[in-house]
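Look at the two complexes coming up: subunit A is in both, with subunit B in one and subunit C in the other.
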Partner chain A sequence: MIVAERKPFAEIAQAVAGYRRVLVVGCGTCVAVCLAGGEKEAGILAAQLDLAGQLAGRQQRFATACVERQCDREFLSELDAAAREHDALLSLACGAGVQFLAERHPTLPVLAGLNTTFIGVNQDVGRWDERCRACTDCLLSLTGGVCPVTMCPKGMVNGPCGGAVEGRCETDPERDCAWTVIHARLSDSDRLANLEVLVPPRDHSRANLPGRQAHAAYLRRYSSHD
Partner chain B sequence: MDARYEPKILALICTYCTYTAADMAGSLRLQYPPNVRVVKLLCTGKVDVLHLLAAFKAGADAVMVSGCEIGDCHFLEGNLRAKERVAHAKELIAEIGLEPERLEMFHIGASDAPQWAKAVEMMTRRAKELGPSPLRKLEAAALAAEGVAA
Partner chain C sequence: MTSFAQAIKDKGFVVTAELDPPRGVDLGPLMALAGRIGAKVDALVVSDNQGANLRQAPWWAAHRLAETIPAEVILTLTCRDRNRLSLGGDILAAAASGVDNLLLVSGDFVSLGDHPQAKPVYDLDSVQALMLANGLAQGHDLNGQELAGAPELCLGAVLAPEARPLAPQLVKLRKKRAAGAGFFITRPLSGPDALKTFLQEAGELGAPIIAGVQAKNPEGVAAAAEMAKAIRAGGLAQGLHLSASGDPETLASLVEACGR
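On to the complex of A and B.
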């Protein structure tokens, strides 16, 4: 899932300082799970901003709303009426959600309350680790389910750099060398021959920026209308 | 500081322990400052960060949460959750520029009436040293501007 963290309070407070009626919009999927931008966090941030606004002597009102996902129009449409009642929207979604909300309300300032950090996994209550860089060319079948693009700080895709010390990365002795882990995983699953496969230089033309993809069924149904 | 200043302190306390201690303090005729307003809860595990922020918005000069002693919660870990939430709320109010000392967690067992009296005395003294909550001062100023007697 997408992992994010709340921006420093001072930065958020400064961003909303000029607006009288602000709607704090939570997002109920990824950022709710990582305790950064769900309904609860929207409520707490609105309460904090409310108190801070009072302390600064500003006449501001903060309301909250939370939609299931800010990256889907069907959910964003629920906010249309509430958005019209406000001078600014403070989105607690990942970067994608903030942009989609801003796209829907082009005349309203849409502000970001979170910093999106990575695509990751939940290791423990309140702890997440990055696992995917969304590189568009997945090597995980070859590399024993360990991503060298993400887990190796140098992104080495054809074996280790040679800098590892006792299985630890030379950039950070706290971190396992991704290629040591890959070797162990391939050895355990009797797939060491995978190491002989040479991964060619990345085909950057596949990484269309910004990314766009359409499902085949969508194309079958709608391509004649494009 | 205004000598007439009497802090308003909100106490969110657990019925199984601190409330019983407060009740006993009454039976024992223990004296403690009348600045505290008690809200009895079934467990301090019910206390939410939003309640604590709402208390300050409503004009509390200080807020105390008091649950069972560690390991003694009737619901096993409600007091531990309250402890974490109070710690979190302290960070949140510090971020907006309010003194985190205005909020405190206590653990007072049902038989510890003197400890309850001491906790209220300590919190009242602290609230007096800190002075009125800036939020309360603003509220009073707004009321004065509207011509309402505070």
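On to the complex of A and C.
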């Protein structure tokens, strides 16, 4: 899932300071799971902003709404009527959701309440770890299910750099060297031969541009050229 | 064959010394140090933003050294600060300016240096950088497109004999060799035994090893010289790579003690 964290309160308060009626819009999927931008967090933030606005002597009103996903039009449409009643929308979605909401309301200021951090996994209640860089060319079958592009800070794809110390990364003694883990995993699953594959330079041409993809069925329906 | 490759072959044992470009525009002190030690070594290795700390780009010092000092010059290029276009362009420019020995390295991560906020590049890893350079030497770029004039290059890579576990390092080493590394310079060694252990575990590399010997200060020169002597006497390496954490006087003493 996509992991995000709330921006510092002072930054959010400053961003909304100039607006009288603000709708805080939560997102009920990824950012709700990571306790950053769901219905509950939207409510808490609205209450905090309300209090801060009163203390600063500003005439502001904060309402909340939450949709299932801000990255889907069918859910965003639920907000259309409420959005028209406000001077600004404060989105607690990931960066994709904020942009989709802004695209739907081009005349309204749409502000971001979160910093999107990574694509990751839920390690424990309240702890998430990055696992994927969405690089468009997955090496996981080769590398024992451990991503060197994500888990090695240098993204080395042909083996470790020389900086690992006792199997730990040169950037952080608390962090395993990704290639030590890859080697152990491939050894345990009897696939060490995978390591001998010389991985050529990555083709970044797709990831360099804003991503776009279409399902084959979509193309069949809407495009004369498949 | 470049003259550094020739020197390794002919002499059987070479001595190199590492020079860091200045943190400013004055190349004078580096040239003065090179003048003092240049006749006592076979090659001078110019570092590239050593330790991820900002310094003058190494190609200028490498070019000036190649023009004025009798020793060979080895230019270090990191993958940290360059994408494939920049690496390829720098290699061609270096060769055009008379520097055809390269040490191609991943590069210490940016968080270890003086600009931890920088975006690291690592478009290629060190194996792929060797593939790129090897291709250029054969007259084509990474996409197989022909060059107008190919450089003659001698390619080197870094070796970490003391990294543990060793098995993943050996995988990388074999790939570096396959990608065209003609010599290996080791990270600074803790002692001759570390190299001996490595050689027993790694077996034949098929390329000369130049053993990293570092003195961090003047007081460390004697011990480093002892280590160098033991490495040479034990036939553990085909050369020494002398470095001194950027201290010119320490490097000069170390070269005096271990150089030709």
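Heads up, the rule we're going with is that the second predicted complex is superposed on the first by the 222 of 226 C-alpha atoms of A that agree within 3 Å, B and C clash if a C-alpha of one lies under 4 Å from a C-alpha of the other, contacts with A are read in each partner's own complex, and residues count from 1 in each chain.
We adopt the following convention: contacts are C-beta pairs under 8 Å (C-beta built on N, C-alpha and C of every residue); 3 or more make two chains touch, one makes a residue touch a chain.
Just so we're clear, the structure is a prediction, and the values are computed from it rather than from any experiment.
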If we overlay the two complexes on their shared chain A, which of subunit B and subunit C does A:Ala47 touch? Say first, second, both or neither.
first
Considering only the touch criterion stated at the top, classify A:Glu166 as touching first (subunit B), second (subunit C), both, or neither.
second
Check whether A:Tyr222 is in contact with subunit B, with subunit C, with both or with neither, and answer first, second, both or neither.
neither
Looking at subunit A, which partner touches more of its residues: subunit C or subunit B?
C
Residue numbers of subunit A touching subunit B in their complex, please.
9-10, 13, 43-44, 47-48, 50-52, 54-55, 57
Subunit C touches which residues of subunit A in the complex?
153-167, 170-171, 177, 179-180, 182-183, 187, 195-196, 198-202, 204
Touching subunit A in the complex: which residues of subunit C?
79-80, 84, 106, 108-109, 111-112, 120, 122-128, 131-132, 142, 158-160, 163-165, 167-169, 171-172, 174-175, 178-179, 187
Can you check the complex and tell me which residues of subunit B touch subunit A?
49-50, 53-54, 56-57, 92-93, 95-98, 134-135, 138
